[in-house]
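Two complexes are shown next, each including chain A; its partner changes from chain B in the first to chain C in the second.
Let's look at the complex of A and B:
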């Protein structure tokens, strides 16, 4: 009897745990397959493509201003980042200089958005950890940023601040609004300090998140992790340091060392005071003058590219303009590469921590699943070819930009990776191929 | 008021299904239950992720092709009596995703939600406001409370 029991104990149980596509722990639908040996994750596969809506296809051929407004609908969390970058593409192509005051208002909106995105991360992370009280505290602080955004843009989620040549007239910051932003910053800073103190001194939470879902510096570079998730592994890379929009502002690039869930959470918590710092400088030094310059002229231009740093990482937008209409729009969101990397972060962890490992990169499946591929049914081979060229295109464009280190390899492998793991349809969804 | 409806009124469970919108509505709905500012739990409205426990199904998004089957399955899994709230412009009429350039319908979008499951209350807005969500859920409640 005893021998039998012993032999059973040593037996390794291999099984597969599938989560999704609709799963309690994740707000958004995606599918995760965890290959488990004795409750330890040996391999993981994330399949995306469920939310596919084809925004880039809808943008094709729209007037530029209309298309810019549509990019907000890529994502409801970082909506301002998308419209800002899309407007920057047009301004680069049409050689428009925007008034200084407009730039300051854009920066204030973007940093407020970073605040609410990071608070949402803290809230969602705490909820996945099972700490609903922390979640509610983070949501309460987030409400301050949301109210300020509503005051500036007129809506809580899609605020549409940027237009080509400046910002919308309704987003003008008068004395009263500046005063309210200053008060809001006080509340946020004070609240965050209390929140962080409680969070760090809670032994239950710290033991749960320390060393979980670790991703090394080398792997992070190889897998093209971007944004705070990359900085959490120790790489001091922040596009804000090189963007000319951020030149007047002084802030620090925060890094952490471990690349685990703890570093990721602390990373976001420590970035919030930096954003507060930027907003304080902006409202203090905001220059007088007009907020929109409508004297620009439309002409045709080739593909223009723009990279900016958004709350989750590096965002890429590009399109060309022909007869005032948009041609060949490509959007690449930071979650695309982060989600691919999180498959590796799951490996070696307990199965109960797998969800936490995926959530640690602040994934946004909404903005990841929006591209479209049009397959010509007569020549499926040719469409495959152009598919490949498109991937290479994206990676080439990244290498041209000196700000991004070694994007070319990782980009390609990453897209291939997610595709390799997904079923048939999701493969095509991720890669935009409008040129067919 | 029967004992059933008395107790039902004190434990309304919301289930949120996301079917491919921009995520703005979903965050607002989660916000409206979890955030202390709106705090739907004080009205005994709780957020659940289990369809067998839910009373009210809140659907956001224009229902993409892949989400049609899961949405039907979730709807069937909820026990009677049940109410469905469609929240946001996408769930009501497909939003910006439904029509490409005005009159070419997008093949990716199967919505609006009405085409797939019966809807009891509609909450407009892009994105919906937390206050509107609460009033939408309250509007759907009589169906639950007056059943049997």
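Let's look at the complex of A and C:
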């Protein structure tokens, strides 16, 4: 495979420089081993697994409504995406049609969340670049989105907007709130325009990010890159175009061509106006009516799955319902495959750029460190297996962390070691198998 | 020389040193609070915090033994750096000009080299918890390249400090030789006397170019953004200083502020012709330069990302060429 060849092409590895798990440039704990020659990264290995909290295990057997609320704790940045998708799973299984107005409020919340996530990305990216002024500016712009989310949900994080059948009554949008959102969109659009203008016209910044951490379209697909990081390589793939929730809205799928840090940053910057466009359509056309349908009935259902497009890519939730309680929850965040791919993005770049190459995919390590699949790659039927023999979901096992390296067939390590796209593909296949 | 003159000179030297330390302690705060924080529209730290309160606080903290193969040498390096900066400032004072070679450009360059070599040693002797110091089981079954030699991140900064000796200090040293080229003497006394007779070099073409070159060299020596590859947060974090705690960290902070003032005074001597002397109004010029340089540095660093070698080399090469041009102009005119 290309990426394997890329790793083996290394001539000399002078030394290994390990960073983390405690490191100021990494906002979340993870380990990266950089194999360098003359400060140029020849190979890299990212190791995650120190944040495992076992949320799926805690969710097991909880009433569905309670378990849904718990999914917000998966991520502090895209908490709404998790509860929304988790609620969508239940609504799909229980065949609940939510009121149109509730869907609009959910979309507004999700797009606001996308705004604050993308601004956070721009801020953190600037910080890793060493450009603290741009970082501060991006944080100021983010404040508008955060305050709007607080207005809707009552919190700056974990707003608890979605519930089965619609949205919480406290999240109703009255005229004053709609007006505030409209004003916020003006502020964000104006601020972003100035920010982006200064950012792209700064030759020092452009010199630092152009051609750094490049991933080709072909490799991005093979490495299962998802979301804006995939679109930054030129693949026009956005799940929102196929989601029925987004049918009433008109927006463009933004793509870039180079797959480097510059493309990734521009992707997020250009996606912000699209989110603003969606929010404006939503507040303009929001239908009248109830915001929650409480007439649904609980019944047992098999494993149901749901995919949605969140700020970092495709988010997967699935579970079954038995006696009103949740069974066999699986959550797969987009960072899972993105992080694995980014260790290849580091190759060929300067050590100082390594963190930049990793954060270009907007990784969320704590979200990712929940469910680790152990895949026995030595098994002859590993690619065709169903959901039984070769998969261990450590959320349900006594082992907290495990090695999922393709060459390994056990859990000797205490740490999940993401090595190679084949594992990510296998994880994808197996998740699909479980779900089917 | 009468006893009164000697006493007067000793008093002048001591008072100038004390003033330099006080001003130097304020400079990091001015840079961070009134420049960087204002640009970034935030409140910033109290002006006394980075240069005065932090060293005092650290001085009285309990020391944590640094993780270093030679802790004694490692701990002594900030003190050596501090003494070296004092020696540089002493060499700049007019009362010392009779000490011959000690007050020459060659001596100044030698002292600055000690400072640079200290960074190499600090990096090589520091083994922090941010990398291999952390007990982390990453050499496990399936791990990539399990048998490769492993380095601490401070080893990276040590290598970088070594590279900076090789190429990073070119602009500053070339700038130091511009007055030498104009006056034809390496002695500071001659350079000051020449400027007092013929006007400051900063007003000449060679001197004006030299000012730009000196400023870039000043930023590189102080490891300030964008030239902070020695201690960039993206990989080596604090770099050579990582393991310093308590009074040793206090010396690191003091030395930085003091070096800022001293380099400002060096510029005053070489390009304006006014040496630091507390019993002369010229000291105000020294103080002004010492403040203007950090302010300009703060503005530049607030708007710059950190440079990797890809950006660093062209900047150093072009600045060095400017320095050579200024020397040629100085020789010709």
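By definition in this document, the second predicted complex is superposed on the first by the 359 of 436 C-alpha atoms of A that agree within 3 Å, B and C clash if a C-alpha of one lies under 4 Å from a C-alpha of the other, contacts with A are read in each partner's own complex, and residues count from 1 in each chain.
Just so it is clear, contacts are C-beta pairs under 8 Å (C-beta built on N, C-alpha and C of every residue); 3 or more make two chains touch, one makes a residue touch a chain.
Just so it is clear, the structure is predicted and the values come from calculations on it, not from any experiment.
Looking at the shared chain after the overlay, A:205 reaches chain C, while chain B stays out of its contact range. Contact with chain B, but none with chain C, is seen for A:61 once the two complexes are overlaid on the shared chain. When the two complexes are overlaid on their common chain A, residue A:323 makes contact with neither chain B nor chain C.
In the superposed pair of complexes, A:300 makes contact with neither chain B nor chain C.
Of the two partner chains placed by superposition, only chain B is touched by A:77; chain C is not. In the superposed pair of complexes, A:129 makes contact with chain C only, with no contact to chain B. Of the two partner chains placed around the shared chain by superposition, chain C is the only one that A:351 touches, whereas chain B remains out of contact.
By the touch criterion defined above, A:22 lies against chain B and chain C together after alignment on the C-alpha atoms of chain A.
By the touch criterion defined above, A:13 reaches chain C but does not reach chain B.
Where the contact sets of chain A with chain B and with chain C meet, they give residues 21-25, 127, 132, 136, 140.
By the touch criterion stated above, chain C contacts chain A in their complex at residues 36, 39-42, 129-132, 134, 136-138, 140-145, 148-151, 153, 155-156, 159, 225-226, 228-229, 232-235, 237, 302-311. Here chain A touches chain B in the complex through residues 21-25, 27-29, 49-55, 57-58, 61-62, 70, 72-77, 79, 120, 123, 127, 132, 135-136, 139-140, 142-143, 146, 155-158, 364, 366-367, 369, 372, 425, going by the rule given at the top.
If you check the complex, the residues on chain B that touch chain A are 16-28, 30-31, 34-37, 49-50, 61-62, 64-67, 70, 74, 95-97, 100-101, 106, 108-109, 126-127, 129. By the touch rule above, chain A contacts chain C in their complex via residues 7, 13-25, 31, 33, 35, 39, 43, 45, 47, 126-133, 136-137, 140, 202, 204-205, 207-208, 350-356, 403, 405-408, 410, 412-415, 417, 419.
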